[in-house]
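Sending over a structure as structure tokens; questions will come in a sec.
Lettered A, B, C and D in written order, each chain numbered from 1.
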């Protein structure tokens, strides 16, 4: 989620001023033009994603076939232009192309061109949906950057704990699924194999509960109750982990950002933003 | 949610004492009469909403047709009287009419009058149920004011983070829905299009799990397990964000309440428990 | 949840030592005999509750009719004996009889006697289930008392906030239910009236999602997605409120309980349990 | 989850250096060879568990019968070899055999041998899936040890509170299930007995909501709404308890890390940020 071209941040002496200005508009969003570019691009992305979705609705695709194909090519050309532009203004085009967003950009325009040469390309749909990944670009918008980084920091800090938790959950659903298989198998078509039962256990422990598979025996229902109550309590773990990390992350970030005015005399911190005097030694704060 | 008529708070010299007293009863709830007015109004609102609901139950509407229409007109007249009264006592009637609660008040009496002239106004039922929004006046009552404002502060403070989160969720369900569409389409009538699959993804990731659509292929079930466990972990994010903000909000509010050591000189509060000097005027705290 | 007979706590000079000892065994659990009494009673309660449950299973009731009736009378006699004993040893029997637990005790033995005189008493089942309330006696067990009081404190402290939240939820499900009724009514038998739609909204917003009612129109599904994502975010509110209150409650309770050793010299608190010297003035802690 | 052989930690003078090195590889993971052993073992466990699962899929078991039996014996022999090796290198083999992991190790190889003599041993499948428990050895690996112990500490600290909570939930579902039984019984085959209704209450209060049983009467649906909203609020309790404990647990651990002002004299840590004197030896902190 880093800005893909940090090497440009300090300007680029080797390219002309026009390309440099273009680079700033396209890759950053600290100018009015740059913001406008981002917003227009964002809307194009959202609309193209909606188009891909609507295309999959058969009745819609049949009825508006020409419109759909027309719009599809409009988006493809627009995104191609954007991609070429990005390659042109970037100082190290290859580095952009092989960056996360570069690959996403490329992958989201390729399917349309491939369709010209290939037919019956059902699997291209998978590739085309990668266009959706472009939506994550919104995270680059400066306004939200700070917030997202706090969230990501908290997620990163709780990575190991969440791994341990997911590992424990995986083990739990395997054991629970097997137990339910032994209990229900024979009386209940839904528990026909252990993988199927494990799927049920996941559906249950996450409290999703589709109901396509449900226990029918008395023992199975008792076991299900235990599993559900466990799952209910277990939901506390990721929330607790994330909350604790986020609380710490906010507390630390907040302390640094909000009160840079630690006392110059005694060094004590924690003054509220409106403080005028140090609350430890009474010295006026700078 | 602000008090709609702050300009009245300090009294209104241009209107007579009777209208001023009436204004206080109707717009505030700091007098016994004002409280009574609020409570009666609240019950009228609740009963009128229940009536609108019951009206939609066909057997009930047929059986008690006359009663329903009678009560409907009773409520309409009562709310009209209240609206006219509010306009009369308010110093700036137009400002009240175009305030949030003014519009809600007007909108909740209009449908009944419109039905006199129009027919087939089924959708006016929705408008009529908006009367419910008038119940939020209760939040202005003293015992809830503080609580509601703490909750709203915490929500406001976590607004950006929750936006980022909802956006990430939206992107996730689009990608997941599309993947499931590619996997299940053809074998499962439930995944007939991408929008349908995205709907399934939302139902799953929020752990609602109706079960009207459920994966049937092995690959689909495996994918569903991954999505469910992700959703399960993701539930931690809004909770964590809100809890952290609320904790901070309470802690700050609490600091004011818990530290009796407000400055004796300038009266400023918010000193941390270990403070020795007022951070506003530098006086030593008692 | 208070101990029902606080007036006995300091002993009771008017009754003999035997009744006083008996009172201590029955009403408190600070002696080995008192603990044993509690454990035996607890098991009797659990078993009698299980019996009531199993009685409702038709095949079981038919097959083991004699056993069921025999056990039922055994429990009735045992609980009657307990009730009489409690009345006898209590200094103010009436006060016990009309206390929360006294009523529960009485109500849980009455149905069996009433059945001797009345027949076809289907509604007695409701009364009999009140016996379940006896299970809450476990809260009296000293070991858990501290924990429960922290939980109850946190719940009590967040009472107003949770009210505001439940109020907002109630308003939300009414509005959402009505909107869904207008959208789905006619195409979907599940949304046949507003109360029915409100029921669906509650099922959805709480993420229970039975699936007995599910939207079928495109607009309905889109609306449902919005409602689900809102519900998903809203789950954060009660959790956040309770967590924040509990965190404060634990922090305060912990500070008081764990370190009674505030500094005798400067009065500063917050010393960790292992502290030997005051961290403010360096005086040795007592 | 303790290391099963703490008595080996300081080396074992009575056994030869080869066995001692082998012991280090097998029981610890602080050498490259030890890590490799752990990783290989982990994969064998995962694969053997997958095999047991796949075996339960009838079509797979029929088609690949020979392969399945072959792999089953390969895993059995491998795990037997590992078990024998562990017994040989352990200083006190019996202590290992009767430790938690020793029993799990033994239990996971026994079923295959038992199947040679017994037939119709369907339920041994459950026992074989217990191999999964061996995966928890991974938690002994250094990078997870700290995380797991923080999580376990928080769980252990909130044990009593979670017990009280689960007990309250158990009492609640019993009461709610009985009430729903009284309301719905007769009109709804799903509420045919109290245990069945309690099962429904658990499914509802945990927000799983299969939908195999759902209220059909108006009163039942109203009651269900109340139960759902309660369950929704109640989810806050375990999360709040765990988060608060984890926050404290992290804060305490964090305090050590964050406050660089450990005492220069005695090295003791854990001073609050405002501490001026060491709380162990009274020295002024730097």
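Note that a contact is a pair of C-beta atoms (placed from the backbone, for glycine too) under 8 Å apart; a residue touches a chain by one contact, two chains touch by 3 or more.
Please read all numbers here as calculations on a predicted model, not as lab measurements.
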Exercise. Quick one: superpose chain C on chain D by CA and send over the rotation angle as a multiple of 5°.
Key: 90
Practice problem: Sort out for me whether B-C or A-C is joined by the greater number of C-beta contact pairs. | Solution: B-C
Practice problem: Starting from the Cα centroid of chain B, hunt down the chain whose centroid lies farthest away. | Solution: D
Quiz prompt | Type of chain A:chain B copy interface by residue overlap (half), same or different | solution = different
Quiz prompt | Centre-to-centre distance between chain C and chain B (centres being mean Cα positions), rounded to whole Å | solution = 29
Exercise. Please report how many Å separate the Cα centroid of chain A from that of chain C, as a whole number.
Key: 40
Self-check item: Per-residue overlap in chain A, given as positions that touch at least 2 other chains
Solution: 165, 195, 198, 207-211, 235, 239, 241, 243, 245, 247, 270
Quiz prompt | Chain contact topology (line, ring, star, complete or other) | solution = complete
Quiz item: Contact residues on chain C for chain D in the complex?
Solution: 49, 52-54, 56-58, 123, 125-126, 129, 132-133, 135-136, 138-139, 143-144, 147-148, 150-151, 154, 162, 165-166, 169, 195-196, 198-199, 202-203, 205-212, 235, 238-239, 241-243, 245-247, 250-251, 254, 270-272, 274-282, 284-285
Practice problem: Report the residues of chain C in contact with chain B in the complex, numbered from low to high. | Solution: 160-161, 163-165, 167, 171, 174-175, 178-179, 181-182, 192-195, 198, 204, 207-211, 214, 218, 221-222, 224-225, 228-229, 231-233, 235-237, 239-241, 243-245, 247-248
Quiz prompt | For the chain A and chain C complex, residues of the former touching the latter | solution = 207-211, 239, 243
